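These notes concern the structure reproduced below.
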Amino acid sequence: MTVQSNAPLNAPNNNETDSHEIVNTAPAPRTPLREFWHYFSSNKGAVAGLVFIVLIFLMAIFANVVAPHSPSDQMRDALLLPPAWLEGGKWTYFLGTDDVGRDIFSRLIYGARLSLSVGAFAVTISLILGILFGLVAGYCKGVVDVIIMRIVDIMLAMPSLLLAIAVVAILGPSIFNAALAISLVSLPNYVRLTRAATMSEMSRDYVTSSRVLGASPLRLMFICILPNCLAPLIVQATMGFSSAILDMAALGFLGLGAQPPTPEWGSMLADALQFVQRAWWVVTFPGLMILITVLAFNLMGDGLRDALDPKLKQ
Amino acid sequence: MFQFIFRRLSLVIPTFIGITLLTFTLIHMIPGDPIEVMAGEHGVSAERHAELAAQLGLDQPLYVQYFDYVNGILHGDLGNSLVTHEPVMKEFLTLFPATVELSICAAIFAILIGLPAGIFAAVKRGTIFDHSVMTFSLTGYSMPIFWWALLLMLVFSVTLGWTPVSGRIDVVYWIDNTTGFMLIDSWLSGEKGAFSSAVSHLILPSIVLGTIPMAVIARMTRSSMLEVLNEDYIRTARAKGIAPWRVIVIHALRNALIPVITVIGLQVGTLLSGAILTETVFAWPGIGKWLIESISRRDYPVVQGGILIVATIIIIVNLLVDIAYGVVNPRIRHSR
Amino acid sequence: MSLLQLENLSVTFGNFRAVDNISYKVEEGEVLGIVGESGSGKSVSSLAIMGLIDFPGNVTADKLTFEGQDLQTMPEKQRRKLTGSDIAMIFQDPMTSLNPCFTVGYQIIEALKTHQGGSKKELKTRAIELLTQVGIPAPESRLDNYPHQLSGGMSQRVMIAMAIACNPRLLVADEPTTALDVTIQAQIIDLLIELQREKQMGLVLITHDLALVAEVAHRVIVMYAGQIVESGPASEVFRSPKHPYTQALLASLPESAAGKARLEALPGVVPGQYDRPQGCLLSPRCPYATDHCRQVEPDNQGPIERQVKCHTPLNSEGRPAA
């Protein structure tokens, strides 16, 4: 491109070619997905969390292949065996055995299956119901909104663990009831998030314009509004996974979740309480497993939040 | 300001009514016949059944039962325990100070560590200190505290022998229950070593219970400080030639604290539910342990009353936090 | 001795040069106008003078002196004594520049107390005096107001009161009227100029309002992409601009479009971090650019009091000289 040295100021063709050249030198824009991955992968903690989550999911799915022993087999000749690297430990019982001779490593692997299923169950149920109630509250406003939000407020006034305990106390202790209680207590967060996002999207012009075009309320809610509220919901669901695992373990520990022979991380801890002084490993590894898994989900949630929505960045 | 408080108060009443409805329904949602369930495997005779039904008012229509229930609550009557036959309110009042004492110590621990850690992390953003604060706080936030309790107990009580394993005070001391707060009572008793024994019993449970709130406070303080430090008025303050510490402590912190106070208030719920776990592990005779035990004993009036009281406490604390928020934030105070 | 003197001041953020080797002087009682588009480094250079550039920003200069004192080598504490008392600054957006948690009185008194001290009563009297000086009615009652209770114009008056609290020798005003209503703008500028004449302060007026600079400034600096492209006495620069960029800026004023259908506009935008051209930074947008311009960066030409950074400065007819 050549520009005459004394061309008049701002000739129209000049304008076009000039700005074109400037754009060319700027870096090419990325697709949303690549941009998301760029931000997400720059957060080392989030990537570490993701890797661990993938690993533990694989471990849970292929538990019967990965685990060296059955979680319920009681090895009478190997009671309270220490981990392999300690004096008296055996490599076949990598992390030692518990008081009735069950392999801790295998129980942890099967425990992952349980914890992750409960997490997935709770997140799915509360996500679906939360989105439904949140959309309805945000869309309908008025009395419906007030009633839903009052109930949400009441639920939020109670600590989630206490509410879960109350629910389990009524329904009786079992894994399923505990999972149900956990989905119920995490509901308010999803309702509030969806409602807030819906209300802010409702005031946007694109919603008004599709309403003018005659879109039905259902179409408005699920096709127009919902996709625009997804980012905070995805983050909340990731965090919800971690709190579901944590609450499940707490209920198990209190004897209100999984019942004894089931290899659940929290109830494994509760069983091991009396051996704290003699065999530290029966207590240490299940707890460590809970901590690392919960941490991995929280790390990933943080990374997702930063990558998905700069506005949510804290 | 008064208008502001009244408005908040009026919002609390429907929530409270909702909670009474919830706890009231709780006992009616027990699958099957509540009295049979309460009685457990032994079963009950027909007379005893009728007697219990009358005692619990279960023979009345539902709405009458509810009004009786609310009427009782308003008079401080939450029914009697099925096991000890003591009034629920009385049992609660004897045990509550232990939980309050533990929660306050945990909160102090959480604020004393979490707040400065968050402030420094924000001021020294991007440094190793910042990264370690963030790592520790996220770990603390993910902590299964019942395990954390066991771990600390294993290290400090069992292996090192620095702190006692459980309870509120060593069994050799007999402390009169004056205030219900062991720290104060043991101090008042004047017995040698009683106070330090009470303190040493409090250390581990407080750390355990304070861990999650500490992590939450540190993270919130950091992000809130970071946001405030970028504000124009911080630049104005610095352009006045004020010392850097004054810019941070007076100008930034005052603004940054507004969201942090809300978060601290919300931790009351975390503390009370954490207390259930912490008290169970450390055999701490508070309301958390009481609730769990009554669940396993199927002592429903206690469960019902306990949940009602805890929820009420949380509502009241949240109300106080809202009001405190108005005091710190002039913009809220002046909006009508 | 000049009030403020800087030579080859640069501010970098990582690889990005926000301010690129700028030099200028401000004399006592002089109004210096700095003009340029958004992103041309006007505000950053003034923050550098105040010592308010934080990590990761980095300030370097061959010379940066205030009344002969070297601001660069001076201990932090001593420099803080100057900032806020002898050198003061007011900012673009008064609504966000006042701390929402403190009353107006507290924030003014804080400035006074930091540098001058005095009893509570004295400070309060002085604060009321200052508010009167900046034309705030009923100043006693305003002291207890919070910033959110003030309008934008009122807030900017408070900012000015705070800035002149310690009788500064130099006042830096960074786009003081941009965020305000048009009717208020003139009032605030009048107030600033009146205070400047009364106190014989040096005033650095940063703005993109050319008409304003033409009216009140003694000297003017035109900045483009972090560099000074032209400087000189305001009347001369505006009567016969020597740099094509200045010419284009003037042509974009509504006044110069009298009788024409459209306003003139300069095509393109200020180059950012990634699209910095070789040679003269204006070359992609300059209607007179030659291949020489696109390859070699021009030096400053002309006497110190009337400089232009162009290979082919414009003559009095507004055409390139060579």
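Letters A, B and C name the chains as they come in the text, with residue numbers starting at 1 for each one.
Everything below uses one rule, namely that a residue touches a chain if its C-beta (ideal position, glycine included) is under 8 Å from a C-beta of that chain, and two chains touch if they have at least 3 such contacts.
None of these values were measured; they are calculated from a predicted model.
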> Going by the average position of its CA atoms, which chain sits the greatest distance from subunit B?
Replying inline: C
> Which chains are joined by the largest number of contacting C-beta pairs?
Replying inline: A-B
>> Centroid from C-alpha atoms only, then distance subunit B to subunit C, rounded to Å. What do you get?
In response: 54
>> Measuring centre to centre with CA averages, how many angstrom lie between subunit A and subunit C?
In response: 50
>> How many angstrom lie between the centres of subunit A and subunit B, each centre taken as the mean Cα position?
In response: 25
>> Going by the contact rule set out above, which residues of subunit B touch subunit C in the complex?
In response: 231-233, 235-243, 251, 254-255, 328-331, 334
> In the complex formed with subunit A, which residues of subunit B make contact?
Replying inline: 14-15, 18-19, 22, 26, 29-31, 135, 138-139, 141-144, 146-148, 150-151, 153-154, 158, 219, 223, 269-270, 272-274, 276-277, 280, 291-292, 295-296, 303, 307, 310-311, 314-315, 318
> Tell me, which parts of subunit C touch subunit B in their complex?
Replying inline: 47, 50, 52, 80-85, 88-89, 91, 93, 96-102, 110-111, 114-115, 146, 148-149, 159, 162
> In their complex, what parts of subunit A are in touch with subunit B?
Replying inline: 45, 150-151, 153-154, 157-162, 165-166, 169-172, 242, 246, 249-250, 253-256, 266, 269, 273, 276-277, 280, 283-284, 286-288, 290-291, 294-295, 297-299, 302, 314
